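Take a look at the structures listed below.
Shared between the two complexes below is chain A, which has chain B as its partner in the first and chain C in the second.
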Partner chain A sequence: MTIQATTLADNKGIKISINERFDFSLHQQFRDTYQNCNDNGAEFTLDLSNTTYMDSSALGMILLLKDHADKLSGKVVISKPNEAVNKILEIAQFHRLMPIEA
Partner chain B sequence: MSIDVKQFAWLGIFTIALSLVNQWLIESNIVSILISLMILATFIAIYVKSHEKENNDGQSNTNGSSASAHDEVAYAALSQLSAFLTQEIEVIDSELERTRNLVQDAVSGISTSFKSLQDLSLDQQRLIAIIIANGENIGDEGGSTIENFVRDSSNTLEDFVKVIISTSKQSLETMAFTDEMVNQFQGIFNLLAQVESLASQTNLLALNAAIEAARAGDAGRGFAVVANEVRALSVNSTELNQDIRNEIDSAQEIIAKLRASVEIMASADMTSTLEAKDKVSSMMKHVSQANKDTGKVVDDMSKLMPQIVETVGLGVRSLQFEDLTYQTLASLKSNIDAVHEISNELNAITEAGSGDLTEHLASFEEKCQVMIEQTRNDNHQRTVSQASMEEGEIDLF
Partner chain C sequence: MTPFAMKKDIKLALVVDDSPMQCKVLGVLLKEEGYRVFTANDGARGVDMYIKYKPDLVLMDINMPVMNGYEAARKIKSFSQTSLCPLIFITSMDSDQAFIESIDAGGDGILVRPFSPEVFKAKIKSIQRISDLYGQVKRLQQEQQQDAELAEQLMSGVIESRNYALDRIGIVKKPAALFSGDIQLTALSPNGDINILLGDFTGHGLRSSIGAIPLSETFRAMTKKGFSLLEIIAQVNRQLHNLLPPDLFLGAAFVTISSHDSTAYIFNAGLPDCYIYNGVGEIKHKILSSHPPMGVLPTLIGSTKPHVVVVEETDRIVLISDGIVEARNDVGEMFEFERFEEATKQGVLAGNISESVLDAVNEFCQNMPQEDDISLIDIPCSGWQQTFTVSNVSEDTLINSRKQKINAESPAWTWKLKLTGKRLAEINPIPMAMSQIQDIEGNAEHWQSLFTILTELFVNSLDHGVLGLSSDLKNSPEGFVEYFTERDSRLQQLDNGFVDIELNYFPFDLGGKLVVKILDSGTGFDHRKKHSFSQHELNDKVQLCGRGIELVKQLCESMDYYDGGRAVEAAYVWSS
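Showing the complex of A and B:
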């Protein structure tokens, strides 16, 4: 599994970890991790510490996740992207949309 | 006593002549030559006077037998001296005139060259300004600079990235809808399976009905026809189900193609965009550094210009030494005129060639005294005026 989803202890959010390539092939799995979480104010942490590659569909998936979180008045936090991935996030100006934690 | 004076005069004449030759040949110092000439003339006058006195002393004893012989020698010497002075004065005069002309030519040449130097440097400044303006402009009519162009490129790139991401997002949404649709198809297949099962049960029922009708004999003949029709219907219904299944299968094939093309739409590799972004960023840095450098050069050049103007001005002002040189030449000229006058006086005596030499020489000596006094006064005034000119240098320049 290149995607691991962990429900946080207080049941107030989900931590999604993505290994290696974050691309279109993951879209179904990625959607499945969050679409059943409908708790108000849920926080989705996207752990990219093991992500080595990301294309534009990954950015689209993150935006869809953000739409989902917005609907629940929740939020999305991106965690520990490596340098190359962070550059892509910067070009896409994601730091204006959501917190990116180093 | 008179012999002592005579010897002294001879010694003086000899010494002065020697130094005159030395000055003329080696130092070529006109002023000192002139002064030496004056002193020479004075010594000659002293010599001749003492000679006369000796003659007078002798005359009282020998009754003037050798007086005229002495006079002739004196006249000849004076004539030589006069000729020498005339010749020297002519040479000095012409040298003075030549110096004057040389200085005038040189000064006007240097002046012109300074002025054109200033003009050329102004032209150079103007041309460099044009080059700088051209360098910043990229040639469109809006006067856009490279800096603006790079900034526009950066903005365009950002817009491009936004479009890519929004396309990906829309494609993924489409994908989600497609997945839902595929799930719906699965539901239809389930329903179709139920319909097929119904048809197969109907078929069995119709078969049973046909068997029962056959057992009933003639009474069941009509019912057997109905049972056969029902069975035919169930077969038709199964065929129809199969058709529906085939149609949906081909729809699913199309959906697979749709999925592939949506995937291509959604998955844009960002590497080239990253590279472009890096290039634009470094270009921005370069342009801003280049602008800074250019600004500094322009600044330095604008500082240079007043310095050039000032330097040229200093050169032009320094050229006013011409005035001072002319003044020096003019006073030299007056010294020469004084010598010339003495020479004329001497000429008058030698041209007369006779008469009382003592009387002539007495008036000559007087004249010499007057001239020496006048020259001394002139020289004193000149020194004073030159000193004041040097003090007033700043006012003058």
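Showing the complex of A and C:
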């Protein structure tokens, strides 16, 4: 599986892990992971530690996730992007929109 | 008008069978179904007939002299790649092998003898139904392709053909799909500055190019009205945020090249680094992305402002989208920045950056399919000085102007705006004034000079009067940047002070006169002293009689300071 979603122990959110390429082909799958999580204040952790490549559609998909989280007064945290992926996040200045944890 | 109008009513069928009896039987059945029938008695003749008549249906025997049915079917199918002409094998060989070979040879079905006339007709109907569907899909596909090509033509017509100075600004554009998600815009502002944008919408294809039209309209209209780069960026961001879905946005670099001092304003929101190369191919600056792409946030982040860079005449600014650095070769390596920088350096030395970079990318990728839009803009930093046509006012108009001075008390209209404190820091009144003039008096060429006059006088009153900045800072490159930093910080702290603008319009028979009065809350300066300045006063003299004011003096019939230098009145006269 390229995408794995784990519900956090306290039931207060989801950890979404993405392996290898994060691009438009994952669009539907990615949405499916969070669409049914409607708990108020939910925290979505996007684990990119195994993501090797990310394109601009992926940035768009993260923004859609953020939109979803904002509606629930929740938040999105990006976790452990590698150097190449971090460069893309940096160019898009995503650290101004959500926390990025090394 | 429907494209189906040309469709012929009578369908043609070709029967290929070495038995004249069989041909006759099948022919009768087909005629009952409304077909016109041709027959051939061997495969080779069948192929010839197919080429000659282009039938809508072929019935093919398998065992025939000269050329058997399989071979004839292969030949026929090789001629009919673009249209589906259904081909049915008619045979007595009821074996799996015959069935498989028939389909392999390109047959669309097989009918095994003996069969009743009803079964035969049913088979023909079903195969014809599939063939009609195929034809419909094909037509729809062609129509869609034509529509897409037309849309693309219109779009690039609207967007790129209206770009300014294409002879001097190098633009590379290689879309990955029919529609490009990358957009390149250049436009001339009324004071002669050039605004340039390189944008990269998320993804590619039609979906990503949909934002291009509102973007180019906003960029052009605001540039034309003389809005500053930051105002344009703020509006583009707001507009794209309102128009586009959340996952669709625009990585963009904005550049303004000043026409009268050696500065460039650069703002990078979500594109790879912007480069400034000097004349020998060295990188002087890289401007990194400092803001999320346009359309992501509802408004710009508070502290946003373009970088101010001092440029030399031989410098070149190079903007790229990620398509170049992410282009891949056949072993999956990316072109990367190092190769790009080297190719650009060679391009600077050879005097053709676009060509050098494009050649290098092509050589690197060889025949690999292009995954993303590729674009580059190469901007020279010199040659933008404007040649104003000064004093082309005819004698008649001047005489007229003097005569009518008696009526100076009663202008045709007056427009006033007084900006104070915070609003003065935030609002640019010049586009408002210009739009007022154009709304009342219509569009005209000579308003360009007026724009320059208004801008220079207003900026002088704001910078030197209200903000008390001294322009001698601008004498060195470091000072230049310092000047703008200081200006920004003083503007942010501005909570009192004002600038008062008044326009009075006097129409003549052949032309007219516009009197501009600007008053500021500053301490003024001694405008009558001509000699023996103290060092401090000399600085003031330099700032007030800088290039800007000299230009205003040349453009105006008269320009005078009064009220201790706090007020200025300039009269601009034109003939039509």
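Heads up, the rule we're going with is that the second predicted complex is superposed on the first by the 102 of 102 C-alpha atoms of A that agree within 3 Å, B and C clash if a C-alpha of one lies under 4 Å from a C-alpha of the other, contacts with A are read in each partner's own complex, and residues count from 1 in each chain.
By our rule, a residue touches a chain if its C-beta (ideal position, glycine included) is under 8 Å from a C-beta of that chain, and two chains touch if they have at least 3 such contacts.
As the structure is a prediction and not an experimental result, all values here were calculated from the model.
Once the two complexes are overlaid through chain A, chain B and chain C clash, as defined at the top of the document. In the superposition on chain A, A:Arg96 makes contact with chain C only, while chain B stays out of contact range. When the two complexes are overlaid on their common chain A, residue A:Met54 makes contact with chain B while staying clear of chain C.
In the superposed model, A:Leu72 lies in contact with neither chain B nor chain C. When the shared chain is aligned, chain B and chain C each come close enough to touch A:Leu64. Applying the stated contact rule after C-alpha superposition, one finds that A:Arg31 touches chain B and leaves chain C untouched. Here chain B runs into chain C after the superposition, and of 21-29, 39-47, 165-173 or 327-335 the stretch doing so is 165-173.
With the contact threshold set out at the top, residues 24, 56-57, 59-61, 63-64, 91-93 of chain A are in contact with chain B in one structure and with chain C in the other. Here chain B touches chain A in the complex through residues 158, 161-162, 164-173, 175-176, 179, 263, 266-270, 273-274, 277, going by the rule given at the top.
On the chain A side of its complex with chain C, the touching residues are 24, 56-57, 59-61, 63-64, 66-67, 90-94, 96-97.
Contact residues on chain C toward chain A in their complex (touch as defined above): 200, 202-203, 246-249, 251, 269-272, 289-293, 296-297, 301, 322. Chain A meets chain B in the complex at residues 23-24, 27-28, 31, 54-57, 59-61, 63-64, 87-88, 91-93.
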